[in-house]
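There's a structure below that I have some questions on.
Naming follows writing order (A, B, C and D), and every chain is counted from residue 1.
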Amino acid sequence: MKDFLDMGGYAAYVWPAYAVTLIVLFLNIAWARSALARAIAGARRRLGAQERGT
Amino acid sequence: MRSAGLSAHSGPVAVAAVAVSPDTALRAPALTAARLAVSRDLTLAFRRRSQLVQPLAFFVLVTLLFPLAISPELARLRSIAAGVLWVAALLASLLALEFLFRDDAQDGTLEQYALAGQSLTWLLFAKTLAHWLLTGLPLSMMAPIAALSLGVGAAALPGILVSMVVGTVTLSLIGALASALTLGMKRSGALLALLTLPLSLPVLIYGARATELAIAGNAYLAPLELLAALAVLAVTLAPLAAAAAVRISLE
Amino acid sequence: MNLRDSRAVFAKELQAENLHVWRADRHVLKGVGFVLPLGECLKVSGPNGAGKTTLLRTLCGLIFPEEGRVLADGEDVRADLRAFHASLMYLGHEAPLKADLTARENLRYWIGVRRALPGPALDGALARVGAGAWCDRLVRTLSAGQRRRVALAGLALMFTPLWLLDEPTTNLDTEGQRLAGELMAEQLARGGAIVVAAHQELPDTVRAARVLELAA
Amino acid sequence: MSWTWFHKLASPPYVYALAARLTPWFAWPAALLILGGLYAGLVLAPPDYQQGEGFRIIYVHAPTAWLSILVYVVMGVSAGIGLIWRMKVAHAVAASCAPIGASFTVAALVTGSLWGKPMWGTFWEWDPRLVSELILLFLYLGYLGLRAGFDDTQRADRASALLAVVGLVNVPIIHYSVVWWNSLHQAPSVMQLGKPKMPASMLTPLLMVLLGFTLFFVALLLVRLRAEVLQRERSASWLREALRA
C-alpha cells in the first residue's frame, strides 16, 4: 500500500493532479445544482409576482 | 480640414422643392457612402488633434520603458527590439478603441448608419479604415524611429515599417470588433483588452518574427505573408461581425 | 442609381401584425397591430414608458419582435431589410448630430451617406429651417431647438415613403413647430406615410391622423 | 423547420422536461466510467517505461484537456445556431457551457503543468499545448466577462454568442500560430503524447475516463440548461407547470 501511495516517487505530482480534478468535478456538480435551485426560486418569485399582478 | 475631393454630385436631384414624389430620393452609391464615412471621421479627428497624438506618445513611452528597465546596452536592446515594438504597438492600438463606436452610439449617428439603407458592414469597414489611418498607420511610421533608439540598424527600417503596416491593419479590425461587442455595456475598459489581446496573438507572433528577421538582416517574407493572410481574413470577417455586434447593441 | 429599391418596397401600406416585444423583463408591446396606408399619418400616443419609442424602433427594423411581424405591402420587411431601410427615415429623441461638426457638415455626412446630395439641395434645406445664419457654427454651440431644426433639415431632404418620428416637435418654438407641421404635410401630400410618437397635439397642418393609444 | 425534432428542441418547455428526464441517464454512467477508469488507470495499468508512475496523470489531464476544447466547440456551435435561428434554447446551451468549459480548462492547466514538472523540471514550460490551453482560458474569461457586462439577458446572449463564434474561428489559428512560434525557438518538445503505441491495459482506462468525462459534461449541461431556460422563460402558464414537476 505504501508504494502505491508513493507512486514511484511521483506522489507529489500524481495525487495533487487527481485531487484538483476531483475538486473541479465536485465543484461543477455543486455549482450547477445551486444555479438550478436559484433559477427555480427566481421563477417562483416571478410567478408569485405575476399572479399578484404587481 | 475641409474634406477635399468631395465634389458636387451629378444626377438630377431637385432642390428642396415641395411637390417631389417619394421616389426621386436616389440612394447614394456604396463607395460614396464609404468615402463620406471615412472623411467624416478624419474631419472629426483633426478637430481634436491632441487626441491623435496620444497613441503615438504612449507607443514611444512604452518603448522607452524597456531600456530603462533592462539595460542601455544596444546589443541587448537590439535582441529584444522586435518584441518591444510589437508589444508597444499592441497596447497602443487598444487606447483609441473604447470610443470608436461609443460616441456615435450615444449621439444617434451610429443608428442612422444602421438605417441608412447602405451595407452596415461596408460603413463600419470605412470607420475602421479611418481608425487605422489615425492610429495604425502613424504607429507603423513611428516604429522604425523607435527601433533606431533600440540600436536597430537602418537597413532593417523598411522591414519594420512593412510588417507594422500589415500587422496594425489586423489589430484595428480586431479592435473594432471588440469595441462593437462591448458597445451595449456601460463601461468596457479592461474587458476590451481581455477580448482583443487573445485574438491578436497570432499577429503578435508573426509580426514580431518578421521584425526580428528584418532586424537581423535576413529575409522576412515568410512571416510577412502569414501576417498578410491574417489581414485578409480580418478584412473579410471582422467588419461583418462588427456590423452584427452593432445591430445587437442597437436592439 | 437604383430608384427601384425605395419604391419597390413601398407602394401601398405599412402594417404591424401582433407585435410582442420585451425590454429586459418588461412586456412592453403586447400584440400591437395596425394598417397604415401611404399618404396617412399615424399618431402613437401614451404615457411615458408605454413603448412609443420601442414601437417606432421595432417598425423600422432596429428591434426584432419576439412575436409578430412588420409588413410593407404585405411582405415581411425582414425579407429585404436594407431596401426597407432605404425607404424610411427614422428620427429619434436626439438629433443625430456630431457636436464637433458644423450643421452643414453634419447634414452632408448624415444625408450624403443615404442619397446624392448636391450643394443647392443642402443649402435649400438649411435655408428652409432657418439655419442659414448659423449653419457653419459647430453643433456643440447650438441650442437644443437649433439642433432639432438641423434634424428637420435632414428630414426635409429625405423624400422616403415612410417617416418614423419620435417627438419631432420637442425643443421647438412655435415657428419651429409650424415648420415641422409643414414638412409633415408635404410628406403626406407626396403620398408618403408618417408614424409619429407625440405627447401634445400634432401641428394642425397635419391632416386628421389616426391615433394608436399604447397602454402603460 | 422541416425537421420536427429540431423544431421541438426550440421550444423551452419541451427542452426543460427532456433535460430533467435525461440527466440521470448521463450522470450515473458518467460516475461509473470515471471511477472505473481512474481506478484502472491508477492501479491496473502498468507504469510507463519512460515516465514510470508519473504518466498516470494522463488519466486526469487528457479528459480535462479534451473537455476544455469540446465544451468550447459546443458553446460556439450552439451560439451560432442561436444567432442564426434566434433560438433562445441555443443561447441557453451556450450560456451553460461557459462555466463548465472554463473550470475544466483550469483543471487541464494544473494537471498539465503537474505532469510537465517531472519531465521538464519546471511547473510552467512554454509547451504549445499548455500555451494554447492558457489562451483558451482567456477566451473563456473574455466570454464570461462580456456576458456579465449586460443586464438584459437577450442582449447578453446575442453579443456573447457572436464572441463565441468569432472565438471558435480563431482557436485553430491561435493554436497553430503558437505551434509555429514554438517550433521556431526550440526543438519540438520531447514528450510526444500518445505517439508510442499504448498497450490495451493503458489505453482502456484512458478511453473510459474520456467517455466518462464527456457524459459528465452532458449531465452538467442538462442541469445548467434547465436553470438557463427558466431564467429566459416569460410565459407564466408554462412556468407554473414546470415548477410543479
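In the analysis below, contacts are C-beta pairs under 8 Å (C-beta built on N, C-alpha and C of every residue); 3 or more make two chains touch, one makes a residue touch a chain.
Note that this is a predicted model, so its numbers are computed, not measured.
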Chain whose mean Cα position lies farthest from subunit C: A
Core chain by centroid distance, with centroids computed from Cα atoms only: B
Comparison of B-C and A-D (more C-beta pairs in contact): B-C
Cα-centroid distance, subunit A relative to subunit D, in whole angstrom: 15
Subunit B and subunit D: spacing of chain centres that average the CA atoms, whole Å: 34
Interchain centroid distance [CA atoms averaged], subunit A/subunit C, Å: 53
Subunit B, residues touching no fewer than two other chains: 251
Per-residue overlap in subunit C, given as positions that touch at least 2 other chains: 25, 64
Residues within subunit D bordering two or more other chains: 154
Interchain contacts (touch definition) - all pairs: A-D, B-C, B-D, C-D
Subunit C partner contacts - residues on subunit B that touch it in the complex: 6, 8-11, 13-16, 18-28, 32-33, 36-37, 39-40, 43-44, 47-48, 103, 107-109, 111-119, 123, 247, 250-251
Residues of subunit C touching subunit B in the complex: 1-3, 5-7, 10, 60-64, 82-83, 85-88, 90, 92, 94-101, 105, 108-110, 112-121, 124-125, 128, 156-161, 186, 189-192
Touch list for subunit C against partner subunit D, complex: 22-25, 27, 64
Residue ranges of subunit D touching subunit A (in the complex, touch as defined): 34, 38, 42-43, 47, 52-54, 56-57, 60-61, 64, 99-100, 103-104, 106-107, 110-111, 114-115, 117-118, 216, 220, 223-224, 226-228, 230-231, 233, 236, 239-240, 242-243
Touch list for subunit D against partner subunit B, complex: 83, 135, 138-139, 141-142, 145-146, 149-150, 154-155, 158-159, 162-163, 165-167, 169-170, 173-174, 177-178, 180-181, 184
